[in-house]
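Here the chain labels run A, B, C and D in written order, and each chain numbers its own residues starting at 1.
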Amino acid sequence: MALTKEQIAQRIARELQQGYYVNLGIGIPTLVANYIPSGMDVVLQSENGLLGMGPFPLAGQEDADLINAGKQTITTVKGSVFFDSALSFGMIRAGKVNLTVLGAMEVSDCGDIANWKIPGKMVKGMGGAMDLVASARNIIVAMMHTNPKGESKLLPACTLPLTGVRCVKKVVTDLAVLDITPQGFRLLERAPGVSIDEIRAKTAGRLVVEGEIPELRFD
Amino acid sequence: MALTKEQIAQRIARELQQGYYVNLGIGIPTLVANYIPSGMDVVLQSENGLLGMGPFPLAGQEDADLINAGKQTITTVKGSVFFDSALSFGMIRAGKVNLTVLGAMEVSDCGDIANWKIPGKMVKGMGGAMDLVASARNIIVAMMHTNPKGESKLLPACTLPLTGVRCVKKVVTDLAVLDITPQGFRLLERAPGVSIDEIRAKTAGRLVVEGEIPELRFD
Amino acid sequence: MNKVVAGPDVAIADIMDGATLMLGGFGLCGIPENCIAALVRKQVRELTCISNNAGVDDFGIGLMLAQRQVKKMISSYVGENAEFERQLLSGELQVELIPQGTLATRCLAAGYGMPAIYTPAGVGTEVGIGKEVRNFEGKDYLMEMAFDADFAIVKAWKGDTMGNLIYRATARNFNPLMAMAGKITIAEVEELVPAGELDPDAIHTPGIYVHRIFQGTGYEKRIEQRTVRSV
Amino acid sequence: MNKVVAGPDVAIADIMDGATLMLGGFGLCGIPENCIAALVRKQVRELTCISNNAGVDDFGIGLMLAQRQVKKMISSYVGENAEFERQLLSGELQVELIPQGTLATRCLAAGYGMPAIYTPAGVGTEVGIGKEVRNFEGKDYLMEMAFDADFAIVKAWKGDTMGNLIYRATARNFNPLMAMAGKITIAEVEELVPAGELDPDAIHTPGIYVHRIFQGTGYEKRIEQRTVRSV
């Protein structure tokens, strides 16, 4: 059974470590915030100028001056700090953010990522994605394994315009968890009841399957 | 009669204009602050991180956290602002400081300046001088016309290691006020009772004397 | 050193057709609402606007787009605007999309008097086409140039008569960077106070970078994506 | 996210012989007094110190010089120190003098992940020898590299347990820049408060840049040039 978006987020949350500063992109990545292990100190960075992002506000407590990179109203946690956009991307560029999670349209088996532009469609822009993928130390992509047509999004080479090259470290899809290695996608875990054959069939890029591939478990 | 240091400062103060941001170097330049015309808004920048420098404090009111670029205790005026050293030199480099006044050992007739190093003597460093001369829009040098040996400090070319090239716009000495022009030092004014011949004799660089050269007057 | 002007119309009076403007804000957060309204009233045209976003159809820079005052947008993200899309597809409007951090740092460079900066953002992508790539310690960087804008128009929370500015929360975003980067910088503030009332340690933009300041009125501060949690 | 350590000796315990340190402060203003004392106690040697100045004979970095712990100083101005001069002339100590703005901006570059910056300071002087000169719009600039320091040691006025820092008056100087630039950053503060007590709009150094923090004790805050006016 394929993972839900919540389960993808839940799995990614297992990559968090005590003391991490984390940037979560729009969509599934945002959900990761809901699964930070209790007692673990993780600070969320929002690239529009905030460290210490909290949950969405209660109705009536929205503050127009306090939004995240997706322009949603948010709150802050204790010890938060505001700064300008240059310092925000400065700390990203300097490698101070430990983990970046973002969505993608395509990922190649050497870690290239495409997530900002589809030729022929209205282009809205890359926002901060190119800065994040070019600079972050550790990038995890959260996405569906295939597109709505059933075509693999894990490719030998991206077909869409690139956002960044050789930068993705790990991909968590609805079907599998895979590391990017010099040999291609290395299968680490599979969704409950999803076979290695199915993953192989839906992975167009090089896939490495070695040893036992455990099923993901969610308690 | 040669100008006193106070008179040199007084003459330089006539270059100030309403709304100027000014950086004053150590020595004679510091004295310029005493001659800002009353009613004229001039903000003093101290490159260690302050806009809005005030006079020295009264005894007993010194604050170890509040010093100028000469490490002297100072005060602030209303509307002052503190910032870090990068922003301080950033605003200098961006040309936001309207006028810089500093001392010199030598100035050449094309506007080169030497004021940081004497070969064979202990070198203390250039501090912020190289940044200031390389970036400031308008640089006035305040210095004696000759060194203690009586040798001209206004030269065809500097003999000492340079602080900056082709940057000085005006020189005010104890004997004269001179602009730097493509033709060399252009004599504008002379100290009371000081003859053009004396200035000519004590100026080793190219000197342009055209028309009437008025004597400086201090009321 | 009094930089106070009467209001937005006076503040922008010398912005002429064809000018290059920086406009602060991220989405609709921290945008100079009063100056945008004045620019619409003045009907100045053929503008090049450097701003992270392009507003929505009926607010922010969208109001200027609706009047066809903008010739070119330089932004990192321009979604959420149907009229924008129409003008873009019809060729009436040019758009240059650049990474958000590059946008911010090119402002910073201008404010710090640095002609160019190096960033890895966009290396190996179409953003890097035609740009100088340079390798430092094994990593490739693009050389990106400092912006050169005639005017920067920013919105701050508090300001004093000398032009010192303090921003609030994430309404800071690009505002202090653009404030440093404009040849002429115009600041509108929610609260204008006499010089000396702001804490000198807490000022974000030193007044040396600001040429005109006024207290804005009637801030709508519209929320683009109102999002709440259940109790 | 608690970054509090017990005190200066713990904070600097892993600084080994031969390390490159940044030390905040301008003259004796805003220097990390407690950490300097701990470095003297630890007798760590062969240090390369990046600091705008080198202290005076019996205070600041001068205390480390007196113990011959410093192999090389990278500074903009090193006057006012007789022992420094003696070691320099005897060849025991190396000194690299660089313009103050270049020093500050090379710290900034490191903190912003920019490998190099361009500055006009030093063009045509001996500072420019061996460096790449590049012309932008008719003006020459030197390319200067970001610093690469093992540790940055800074002094702030207030800090919280998450490492957020606020400086006071001109004691800010190089401190926030170096705080951003060190691989490991150690902050000593006059007052350490729980997370949440500092105004998030007024923090100068976000805690993400700070690895260890402690409340210092016994600050002397010596004044180098006490200067007063008559009434």
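The rule is short, and it goes like this: contacts are C-beta pairs under 8 Å (C-beta built on N, C-alpha and C of every residue); 3 or more make two chains touch, one makes a residue touch a chain.
Just so you know, these numbers come straight off a predicted model, no measurement behind them.
Student: Could you tell me which chains make contact with chain A and chain D both?
Tutor: Of all the chains present, those in contact with both chain A and chain D are C.
Student: If we define chain centres by averaging CA atoms, which chain lands farthest from chain D? Would you check?
Tutor: Chain A.
Student: Taking the mean of the CA coordinates per chain, how far is chain A from chain B in Å?
Tutor: Here the centre of chain B sits 56 Å away from the centre of chain A.
Student: Measure off the straight-line distance from the CA centroid of chain A to the CA centroid of chain C, and report it in whole Å.
Tutor: Inter-chain centre distance comes to 29 Å.
Student: Measure off the straight-line distance from the CA centroid of chain C to the CA centroid of chain D, and report it in whole Å.
Tutor: 33
Student: For chain D, give me the residues that contact two or more of the other chains.
Tutor: 105, 112, 114, 119, 167-169, 172, 200-201
Student: Specify, in ascending order, the residues of chain B that touch 2 or more different other chains.
Tutor: 82-83, 86, 89-90, 92-93, 135
Student: What are all the touching pairs of chains?
Tutor: All chain pairs meeting the touch criterion are A-C, A-D, B-C, B-D, C-D.
Student: Quick one: which bits of chain B touch chain D in the complex? Just the residue numbers, please.
Tutor: 46-50, 55-59, 61-68, 70-74, 82-86, 88-90, 92-93, 112, 122-131, 134-135, 161-165
Student: Which chain C residues qualify as touching chain A in the complex?
Tutor: 26-30, 52, 75-79, 85, 88-89, 97, 99-105, 107-108, 119-127, 157, 167-177, 204, 221-229, 231
Student: Given the complex with chain D, which residues does chain A contribute to the contact?
Tutor: Against chain D, chain A makes touches at 19, 21, 41, 43, 45, 51-52, 76, 78-83, 86-87, 89-97, 135.
Student: Which residues of chain C touch chain D once you look at their complex with the stated criterion?
Tutor: Contacts found on chain C: 105, 112, 114-119, 136-137, 139, 141, 166-169, 172, 199-202.
Student: What residues on chain D touch chain A, complex-wise?
Tutor: Within the complex, chain D contacts chain A at residues 1-2, 110-114, 160-162, 164, 180, 194-196, 198, 200-201, 203, 206-209.
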